[in-house]
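Structures incoming, each one as structure tokens.
You will see two complexes here that share subunit A, one where it goes with subunit B and one where it goes with subunit C.
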Partner chain A sequence: MIGGSISRWTMTYFAAALTWLLAVLTLMIVGIGHPATDLAAPDTLVLVHVVCIGWLSLAMCGALFQFVPVLVARPLFSERWALPALALLTAGLVSLLAGFMALGGRLPSAPWLLPLGAVLLVTGFSLVVVDLGLTAWQRPTGPARFVLVGLASLCATVVFGTVFAFALAGWAGRIGEVVLARGIPLHAIAGLGGWLTLTAMGVSYRLLAMFMLAPDVEDRQSRLTLVAGALAVAMIVGGGAAAIGFGAGLNTVLAIAALLGLVCATLYGRDLASIFRTRKRHHLELNMRMALLSFASLAGTGLLGVALVSTATLPMHVGALAFLAVFGWLSGLVLAKLYKIVAFLTWLETYGPVMGRAPTPRVQDLVAERRATKWFATYYVSVWMGTLALLAKEPDAFRMAAVAMTVGVVGIVHEIVRIRRLEDVASPLRLPAGAVAPHLLFAKT
Partner chain B sequence: MTDPLVEPVRDALRVVIDPELGENIVDLGFVYDIAVADGAVRITMTATTPGCPATSFLKEGAQTAASTVPGVVSVDVRMTFEPAWTPDLIVPAVRTSLGFAAVN
Partner chain C sequence: MTAYLDVDARPILRSGGEPFSVIMAALERLEKGQGLRLYAPFKPVPLFAVMADRGFAHSERALDGDEWEVLFTPVEAKAETGSPGGEHAPFAPWPQPIMELDNRDLDPPEPMVRILAAAEKLGPGETLSSLLSREPVFLFPQLEKRGFRWLGGFRPDGATYELTVRAPS
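After this line comes the complex of A and B, so read on.
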């Protein structure tokens, strides 16, 4: 394929995802679903699913609709599925959240809300998995393999979640009850570790090499990283399900998976180092410098995990560990890359059609890095302070950190809106004859 | 002998920039060949990544820019990724201004 097309709905996914991120931050500020409270408490379930489905999964899906075709140099299987998938995922998430709120007594009891939400989410994610899976399968090399394993992990996560939803409604029988009682860690790790982390790793290989003009990491090298990650997910899903089936303990499965996960993260660090070492572009743009902070947060998550296990305090601090993984590593990387992807796609949409007819700005002319730096710095510092507040069991300090995170995110969203509106492009180049200003929420092409 | 249209076409292509690097495709070394016969121009060029959406805009941009040159009757732009583009194809002055690593 010589040149892919612009995904029409990627911006729509990003806008929906950022809206859910602001909702998450609001929940944390008002103290609903505090990350350090019981993982199974209804309010925590609301918070966790808003962040994992609403924010991270929607942002990831939007990015993948644009980038899987770039990874494999083949067109997307079906562009037309993207919008119905977003509608189904949004409706499913709203129904699921309402179900959790009913469980917690915040809404009148309505047990059917959770299974309804699960069915809508299964349908929405199925459209995404088939669309992206069939696209990636055409040329499953390097980063595309990470995406395929990530999609398989998403399927496992969704299956566990569906069983839980039916079990919470009392519709899943005794087996459903058993899976619900013991399977939550498997669901969470398959989602955060398999779907979100492995996919983010895969996309980052290509994006980092592309934007820094570094040679791609050799397939043989990145395959080892993927094998470690895939084995960790397989151990969690397969080993965990077997342990539950045979009534055995989960500790051995979790320990082996954690070890494999650490190996995967370490090998990923080695791969990233080789990309940075061999890059031809010495100057690092803001999105790359901020991505480094998310890689540091991933390393911090690994170290914190080892420290908590070795001091036998993991059960007490699992909320802090999950918080650092979700907001330092995953959310930080997604925000940093959104900043770049929005600028790049906005450039293509606005100036691509007039190339050769008139002088055009550069992608970097659409952004104001100096101004954006302070919002990103605010975000990362407050995430790290929030992690410390959780470790120290200081809820008030945690809320302060959540307020500071919100300030950072609102600033970043404001910068992204400015990019979309071309507000930082100098006027002679802003809209050459024939160029059309982009729509804020979708691509016109 | 080189056709007199080659250099005007090459100059016209300088309005087309790589959006990411912000430099024109001629100085970046994307243009591998310009062949002219009786006003029919054939451009062989490349880009950094095959599947990137910018690639098709670069191709169309080159087509449009070359068509503006007086005397050009038709333009055929052929994209190729063999040989693959590397930063050592960038003209030295631009490479320095982009802050690139030394290319061996």
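After this line comes the complex of A and C, so read on.
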């Protein structure tokens, strides 16, 4: 089989990820973590890791288990690793969060929680990296190369995180202390920039071309984008680690990496423009229109970064910058694509076996775009309001924005559940003879 | 003595390309009785079945550095005389398509729906062909589950994907 089959556990990953997203929104509403507390406070660490590991990484892994085989037209190295990996990642995250809460005095002191969480997360991510890496390696062209660099960045992120976890428990000696004291920006940038952003870019090339009937971006063109991104990550990880080792300042490393990151984002913008320009399908579906808002947020993140650096106010507003990158760009793109991916996979799973033998609905018959549009609009507008509230240092306005974001996300989740349950499909076509209704949380393939 | 047309797939594969369409295009250029000499950076096992279906026997030879030279020699005599098994003969070429679909301008996944619907109408061993604007990766498992065989590849322009589907005989 050539890699276009349905991944059994992708829906399970998506469901777990959306649960963590609702958890993070709840934390922001009740005022746990930044901006209610300091950026480096244990409560903020809880918030940041719920969003980056629980929400974004799990959603990304679920999508990759489905799409890496499609990118390389080869079957997944091992379908059987996906579920144990999810269990390990979930247990690791819970342990890590408990460790942070103990640090902040919310739980009784238990220094072993953080190292335990790190070990579980390392094991879970190793299964993911080996499984996806060996699959992508079979035909490392175009988008698959982005995934490989993303996975390498994930490894760097996890290594830094593990050193921090052992250092916070007091088990990492003097070197661990030094890395903990200065390495946090490297950990954050490798995770957000390398793992999540480069991987999202890679997958978007193929998904956008596929759903809009556009020719794939030429390998030579997208390679330049990837080289800029990969150099930025290499600069951060390699240059940053060297600077820490030699006791030198990090500013030069950060400046060069930021410049390379901007070049990468600009080239990505050029690649997207060429996909949109050469598309044969002129009507844009909701997921594509909403993805445009997340591309705008990525551009906004770049511009805001430049503005903050040139006015020397970056340290004051780094929280706002990260918020826009995480919720405007990454979360926005993931939500928009989830909406389409769930509909497409549900359609394929339910109607694939009877297609051509009985009348079947179209993919678009599984969704109600008009109803979903308002939830997405609510989400994006409240994310941008939240960014402004952070820049203006207005924590109450930020919490209001978080409430509005939650309304949007709950609406989107409700739409996704309706898709999975085929609730918007008109009844004569809903379940033709031979078709089986899908399970909400996994594929029956 | 068979004459051979040379195709070197090594540079195409090294640059990340897909040599299938080039090989198929070379097949079109072959004169009667002519064979194909293929150079590849690995042993192209999947191609052997494809070429056998088109009436070519293969013999391979390892070169230095894990590279391979494969000779595809036409076995028309066998294919033309046919065995009592007819379609089951290992070198029997596929019959001409009884249907040709142009699905290049359809929104995905409409091409998949049409091809599956058309494939259901094929008689045993019959084929259909379709033009597409993308490689139909999600269609292949559906075809395989229903027992169909398929051959596909991009035309040399890289913009049109040509797919042939054969019903189980």
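Following the convention adopted for this analysis, the second predicted complex is superposed on the first by the 439 of 445 C-alpha atoms of A that agree within 3 Å, B and C clash if a C-alpha of one lies under 4 Å from a C-alpha of the other, contacts with A are read in each partner's own complex, and residues count from 1 in each chain.
We take it that a contact is a pair of C-beta atoms (placed from the backbone, for glycine too) under 8 Å apart; a residue touches a chain by one contact, two chains touch by 3 or more.
This structure is a prediction, so every number in the text was calculated from the model and none was measured.
With the C-alpha superposition on subunit A as described, subunit C and subunit B clash in the combined arrangement.
In the superposition on chain A, contact of A:279 is made with subunit B only, not with subunit C.
Looking at the shared chain after the overlay, A:353 reaches both subunit B and subunit C.
Of the two partner chains placed around the shared chain by superposition, neither subunit B nor subunit C is touched by A:420.
In the superposition on chain A, A:74 contacts subunit B only, with no contact to subunit C.
In the superposition on chain A, contact of A:219 is made with subunit C only, not with subunit B. When the shared chain is aligned, subunit B and subunit C each come close enough to touch A:210.
In the superposition on chain A, A:337 makes contact with neither subunit B nor subunit C. In the superposed model, A:142 makes contact with subunit C only, not with subunit B. Judged by the document's definition of touching, subunit A residues 1-5, 70, 73, 210-211, 213, 280-281, 344, 347-348, 352-353, 355-357, 360, 362-363 lie at the interface with subunit B and also at the interface with subunit C. For subunit A in complex with subunit B, the touching residues are 1-6, 69-74, 210-211, 213, 279-283, 344-345, 347-348, 351-353, 355-360, 362-365. Residues of subunit C touching subunit A in their complex: 15-16, 105, 107-110, 112-113, 115-120, 133-142, 144-145, 159.
Across the complex, subunit A meets subunit C through its residues 1-5, 70, 73, 139-142, 209-211, 213, 215, 219, 280-281, 344, 347-348, 352-353, 355-357, 360, 362-363.
Looking at the complex, you find that subunit B touches subunit A at residues 15-17, 19-22, 47-66, 68, 79, 87, 98-101, 103.
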